[in-house]
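What follows is a set of structures for review.
Both complexes below contain chain A, partnered by chain B and then by chain C.
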Partner chain A sequence: MRKAVTGLRAWLVQRVSAVYMLLVIVFFLLHFVIDPPHSYPAWHAWMMNPSVSVISGVFFAALLAHAWVGLRDVIMDYIHPVAVRVCAFALLGVGLAATGIWIMQILWMEHGSVI
Partner chain B sequence: MHFSIFRYNPEQDEKPYMQDFHVDLESTDRMLLDVILRIKAQDDSLTIRKSCREGVCGSDAININGRNGLACITPVRELKEPVELRPLPSFPVIRDLVVDMTQFFKQYHSIKPYLINNEPAPEKERLQSPQDRDKLDGLYECILCACCTSQCPSSWWNPDKFVGPAGLLQAYRFISDSRDRATQERLDDLNDPYRLFRCRTIMNCTEVCPKGLVPSRAIEKIRLMMVKHSL
Partner chain C sequence: MHIRDKAASKRRRPVFFNLMQLQMPVGAMTSITHRVTGVLLALGVPFSIYLLDLSLQGPQSYVQVTGLFDKLAFRGAAIVFVWALAHHLLAGIRHLLSDVDIGSQLPAARRSAWIVNVGGIAVALLTAGALL
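Moving on, here comes the complex of A and B:
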């Protein structure tokens, strides 16, 4: 079971998150080309739209998962001494978790300000 | 024609060095191996592995101007001078251009490179339809020269844990064989962060294969089979 988590599943997470992020980036770019918001409040309102909020929320979750697999691979490739590797994994985990909390805080606060 | 050849005799030399040679080509010299043998006639201490001299045995895989290939099927006149010859990158050097391939074959044996089928053997042979036989094309031709694995960065960093492109191509050769019954076991064995998933699709393997095979496609197909089997 543990094997599946770290082998095939990690690879799938990386591929699926990449495709999702690509689609979202295209969607955002198209939106800004076809129907660009004219002011900050207009852009803010669009971002606060529930479906756009869900799309961007999942986007950041995908970004963190993608970064985890990619950086985990870099560490597994180049860092071989066990102690250093454990430190690198811990650092990476803390860094990604902090980034995740920060993103959630921003999204959450913006939603709070609208209500 | 000018050559710069990697020399190292661990019994005499403190460290490896490059030695220059000059050879006047004769009209019969077509492949690089012909010229290396001419150099060896000048200096018989130069050590190289070779056997069939026609690209079938895979013994004379070396690094030619930075790119792995078989000396016996590399047209010598097309090479840029001075031609730099080195042993296969990342493999331990035994002497001059001869490397130790123990690790490479250990990885090859780890994928169980033989048919596994415990069903009672038929009277004559296990038959295969022409369509099933076609699935082995592009896989069975591998001669295990190690050009691909030696040029693969993922193999450089984890040669003991990553099977490498040659081993994975062979693994797929048996996974896709209709007579083999151990497909699931083979996929389970490779479903590991190191054995298969160190591959980062760099594709040096495909770039250098002297037989024109595509290990990266075999690796991709193993991954897709794993996805199908896990659903």
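Moving on, here comes the complex of A and C:
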């Protein structure tokens, strides 16, 4: 029962994150087609716009969740010895967590330097 | 008893996993490529974030990032990345549609699988046309 519920949650995470990322990618593409930032100040100002920063932050959170579910499935399909599998999960988890901290640093620190 | 029968038949079952000789239906190509592009994109994430970081740090590092597009190898990598993203997105949309039971019948599923495979390559070619 519990397993079935975790499976459903992973399924849902994968889809919700996918739809959100799809919308953001369309939004970014449209921006780059209609009004491409041609200089550093324009690019920096656009990225540091609070709404764009929040949209990007949530985008990367969705990306990390999506990558976790997807790569977890790949690991489960191809790596069978339990010890190796647990190591792979741990490695993936640490890698994704580090990536998350890195992204927060980029978005936060840049804001700090502006203020 | 039943389980033992199953185990015995499993032992006797012939295994043929030569992927080069198996004839994969178009949907299988879409599916395995969805997985391969997913892994590829995940590997590209740290590199992309590094470039994002660099592009925001200052005017000099911003020019460094835009200057990367002068290198042929970087443009080639960008085209592969765009292909992977396009295929993964299209295959994902196909997945979402079949979740709500659109195109789950075999002929429609075959057609959409072709659209995804060809669509991903078409987007990559358009990108190549713009970059090269």
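The rule is simple: the second predicted complex is superposed on the first by the 111 of 115 C-alpha atoms of A that agree within 3 Å, B and C clash if a C-alpha of one lies under 4 Å from a C-alpha of the other, contacts with A are read in each partner's own complex, and residues count from 1 in each chain.
Convention: a residue touches a chain if its C-beta (ideal position, glycine included) is under 8 Å from a C-beta of that chain, and two chains touch if they have at least 3 such contacts.
As the structure is a computational prediction, the values presented were derived from the model and not from experiment.
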One more residue to check, A:Ala10. First (chain B), second (chain C), both or neither?
first
Of the two partners chain B and chain C, which one touches more residues belonging to chain A?
C
Return first, second, both or neither, reflecting whether A:Tyr78 touches chain B, chain C, both chains, or no partner chain.
first
After the superposition on A, what does A:His44 contact: first (chain B), second (chain C), both or neither?
second
Scan A:Ile103 for contacts with chain B and chain C and give back first, second, both or neither.
second
Contact-wise, after the overlay, does A:Ala65 reach chain B, chain C, both or neither (first, second, both, neither)?
neither
Touching A:Leu22, do we find chain B (first), chain C (second), both, or neither?
second
Examine A:Ile55 and indicate which partner it touches, taking first as chain B and second as chain C; both and neither are also allowed.
neither
Set of chain A residues, in rising order, touched by both chain B and chain C
none
As the complex stands, chain A meets chain B at residues 3-4, 6-8, 10-12, 73, 76-78
Which chain B residues qualify as touching chain A in the complex?
154, 157-158, 188, 191-194, 196-198, 200, 223, 226-227, 230
Across the complex, what residues on chain A touch chain C?
15, 18-19, 22, 25, 40-41, 43-44, 47, 60, 63, 67, 70-71, 74, 99, 102-103, 106, 110
Provide the residue numbers of chain C that touch chain A in the complex, in ascending order.
35, 38-39, 42, 45-46, 49, 52-53, 55-56, 58-59, 62-63, 89, 92-93, 96, 99
